[in-house]
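Remarks on the structure that follows.
Lettered A, B, C and D in written order, each chain numbered from 1.
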Amino acid sequence: MGNIRSDIAWSTADRIVVRGKNFTDEILGKLNLGDFAWLQLTGTMPTPQQSTVFNAIIVALVEHGMTPSVIVARMTYSCAPEALQSAVAAGLCGLGNNVVGSMEGAARYLTEALPKDAPADTELESLAVQIVARFRKDKTPIPGLGHVVHTQLDPRTTRLFTIAEENGFSGRYVRLLQLVHAEAQRATGKQMPINATGVIGALSCELGFPWKITRGFGVMARAIGLVGHLLEESTQPISREVWSRTEHESSSHLRPGAAAS
Amino acid sequence: MGNIRSDIAWSTADRIVVRGKNFTDEILGKLNLGDFAWLQLTGTMPTPQQSTVFNAIIVALVEHGMTPSVIVARMTYSCAPEALQSAVAAGLCGLGNNVVGSMEGAARYLTEALPKDAPADTELESLAVQIVARFRKDKTPIPGLGHVVHTQLDPRTTRLFTIAEENGFSGRYVRLLQLVHAEAQRATGKQMPINATGVIGALSCELGFPWKITRGFGVMARAIGLVGHLLEESTQPISREVWSRTEHESSSHLRPGAAAS
Amino acid sequence: MGNIRSDIAWSTADRIVVRGKNFTDEILGKLNLGDFAWLQLTGTMPTPQQSTVFNAIIVALVEHGMTPSVIVARMTYSCAPEALQSAVAAGLCGLGNNVVGSMEGAARYLTEALPKDAPADTELESLAVQIVARFRKDKTPIPGLGHVVHTQLDPRTTRLFTIAEENGFSGRYVRLLQLVHAEAQRATGKQMPINATGVIGALSCELGFPWKITRGFGVMARAIGLVGHLLEESTQPISREVWSRTEHESSSHLRPGAAAS
Amino acid sequence: MGNIRSDIAWSTADRIVVRGKNFTDEILGKLNLGDFAWLQLTGTMPTPQQSTVFNAIIVALVEHGMTPSVIVARMTYSCAPEALQSAVAAGLCGLGNNVVGSMEGAARYLTEALPKDAPADTELESLAVQIVARFRKDKTPIPGLGHVVHTQLDPRTTRLFTIAEENGFSGRYVRLLQLVHAEAQRATGKQMPINATGVIGALSCELGFPWKITRGFGVMARAIGLVGHLLEESTQPISREVWSRTEHESSSHLRPGAAAS
């Protein structure tokens, strides 16, 4: 028989231990939520610098306006008010390849091009050229670049780069992302900003996380954002209106009397 | 036509505003995740006291060991590794009446017995007697009391009460919960602790949240916990073993050669 | 240690047995999907009459137009095309109290008023009066009555009653539902139809199902309906348009230049 | 503004039309669930042959024993009994790449190698060689081949091939799958059966479905299977036992007194 083993937590009648710390004495009332999230994920306490950068990237992912994920959660809640948890769950199901995927995608190409143990003298410029060439060959967009609304400059990008710089996390992955950006603009002849998901992908690498978990940052953060939207939906609902407009319009061409179309 | 309106956030090409604050200047790199969650939910910045109490109650809900929710998320991830978001979603679907419901239940009976605008001289003792009598009449357990593992004392309870006290949030709801506890022990003749979900229900009332959103605290928190478990599952999996043992045992009585049972 | 035991299915290298039947020889290619669903749920083969009634009630629940559940599934699919299964899951999360709940609610009050083993001479009229009185006292709508679109007559109701009649399943539960309907109209002085969920609740009782599983009929059926909508969404999408309209309108009052409101 | 348009269904006060058919007159009580699923997905009525093959492939996917998806649904239901719909949803979230993915994978390589409009004289043998070569080069398993339990022969495979043959659907996709199977055995020197997901992938192509929807067949089918398991869980639960064993074992090495490991 194989093992069933987890190293995260255990408890007895009078003690709860998480990641080796006594939960009530060392964590509760002492760690803020972001710092405890770091401990939960990494098994270590964050340094003040790790804390600042990690809290910033998760905070950056909490609230992105009236996204599909939010609309989904609100509509689900209006139909199943007995199960707020499932409304959040439904919303999170939409955090897929076309949403948080770009964060994961950026972290992935940065990590694959530049493994943690890559020699110190690795030439980043040529890696950037290779990365851009590969995406162009596959005719797929480069994750982390471009934005529908923030077409010139994603305002979060500059701020996140500054936070990383101030805390000693503006290292090779940040540099490589910037080189990919420059090369992409050169190769395509088009202006496009580095977007927030790009920076977060790079900072996730700087902090030492594997690329596969990056998507989870969006999930953790957005769960908070969705609860905020459900609280608003409970007093200021939009679901019924979105439903009735969509339903009416979607089948109007089929109803008797509809103009042929 | 009705309104489709949300007051949480908006953005333009060069600006992102959440709850009336410039996101990049006032929030990013300045607020920790728990404080931003407060802002997202309430629309106001937390005081230092609110911050401490709110962060503590969310932190208390992140990690509860190898719960069904965790097992569900891990098994889902092992089957659908392409969609980490759905593994978390599946796990959250289990945060229902038999789990986070007790937190909601406690907040509910406290709020219903003692509305925010209840007169200052409301007699809490008689409310407690009524609350206990009602649950006993319905033969349902009183939410917030008793614990399977922490049978004598839930270690988180004492600590959370202290944190509330130190920050000026040990008010009427905390007092009413304690009276319900005393009355329940008197009426049943049994020892049982106030558990963490009970205190969190009371503190949620102290902080001014409607009882219906309390379940959302568990959802937000556990999303973080689940991502931690998925990170562990990706390198130290338990899913296949839980599956194969459960499958084998569940149908062993049906297989040819099984002893009649 | 407790038992981990299921009586539904087992398999060996060369044999698959479901509900005691050899799956390949007795089921595959011989049972239609509805009949196999009956076998899966009840452990017995349906009679032709059970087959007709059961297939009809599940078929009646597959497609209800552009419901919130459908909108949710479509939007989720557009964001996470890598995981069609999660788009369906998100849609199903909305089949809650305000949707399939009325089917469950009808089955519940019918069963609770008239248990399977109720004496043959139970007076249904007085049960109906009691049921209506209780809902009116609680000021909650009576599940199974009334419809937003089909205000006079739900066309499915008449047909389902006929199918039940023709197959020998128009028994005491159908009669009790009709009496509840008559009494509700008398007591309120308002015209309202028996809706499809009401009949399905009653027929579910006639077929011998426990009320708690009735909601599952909607879930099974709608999963099929949602896959149909996702197939359409893949070539004729509505998600992006619903999103962009909703997002734009929801925050327009907050943007610079918006008229004060 | 873009279009919001669906061609599946519409209704008025006295009429419900699905896929152009009067729902009450032409569908209800006349179509079994599998045939209506075909209509919902394709917009056409199935021929008797299509009906037999389509019902068989969906039926084949309903019940696969105590799979992770089933365990997940059961555990979720035990925690959130208020929302059976979410328990099914949680279970469906696990129907991902490592489960129904092989069905989709088979349909995909068959379709990509042999588009619908491929010339009648397309040489299937060389396509099979190319398909096998590509998977071997990528060092990924060939979807549709091999099975953990049915190591020599998947009993469903033979039966499904026969059903296809008897109904005129044993065409080029079935032939190509068989050639892939032969070539894979030749190239690897290993015996492995064509499994049920492989045949279903091929039959899905024979029936004219796009490969992207194949995964949806598993989702529709398994929703039925899961409701059956939840019905059993409600009277013969396994969740608490799976939970307590898993929890106990997973952290036993961390508890005080555990042998160093």
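Structure notes:
As a working rule, a contact is a pair of C-beta atoms (placed from the backbone, for glycine too) under 8 Å apart; a residue touches a chain by one contact, two chains touch by 3 or more.
If you're wondering where the values come from, they're calculated on a predicted model, not measured in any experiment.
Farthest from chain B in terms of Cα centroid separation is D. Comparing the residue numbers each copy contributes, chain C and chain D share more than half of them at their mutual interface.
Annotation: A-B is the more contact-rich of the chain pairs A-B and B-D, by number of C-beta pairs in contact.
Chain centres here are Cα means. That of chain A falls 31 Å from that of chain D. Spacing of chain A relative to chain B, judged by their CA centroids, is 23 angstrom.
Chain geometry summary: the mean Cα position of chain B and that of chain D are 36 Å apart. Residue positions of chain B touching 2 or more other chains: 4-7, 9-10, 12, 65-66, 80, 82-83, 85-86, 89-90, 93-96, 238, 242, 246, 250-251. Taken in their complex, chain A has these residues touching chain C: 65-69, 71-72, 75-76, 78-83, 86-87, 89-91, 93-99, 238-239, 242-243, 246-247, 250-251. Of all residues in chain D, only 4-7, 9-10, 12, 17, 80, 82-83, 85-86, 89-90, 93, 246, 249-251, 253-256 touch chain A in the complex they form. For chain D in complex with chain C, the residues that touch the partner chain are 1-16, 18, 23-25, 27-29, 31-37, 40-41, 51-52, 55-56, 58-60, 62-66, 83-86, 88-90, 92-96, 100, 149-153, 155-156, 158-160, 162-163, 210, 212-213, 215-221, 223-225, 227-232, 234, 236, 238, 240-242, 245.
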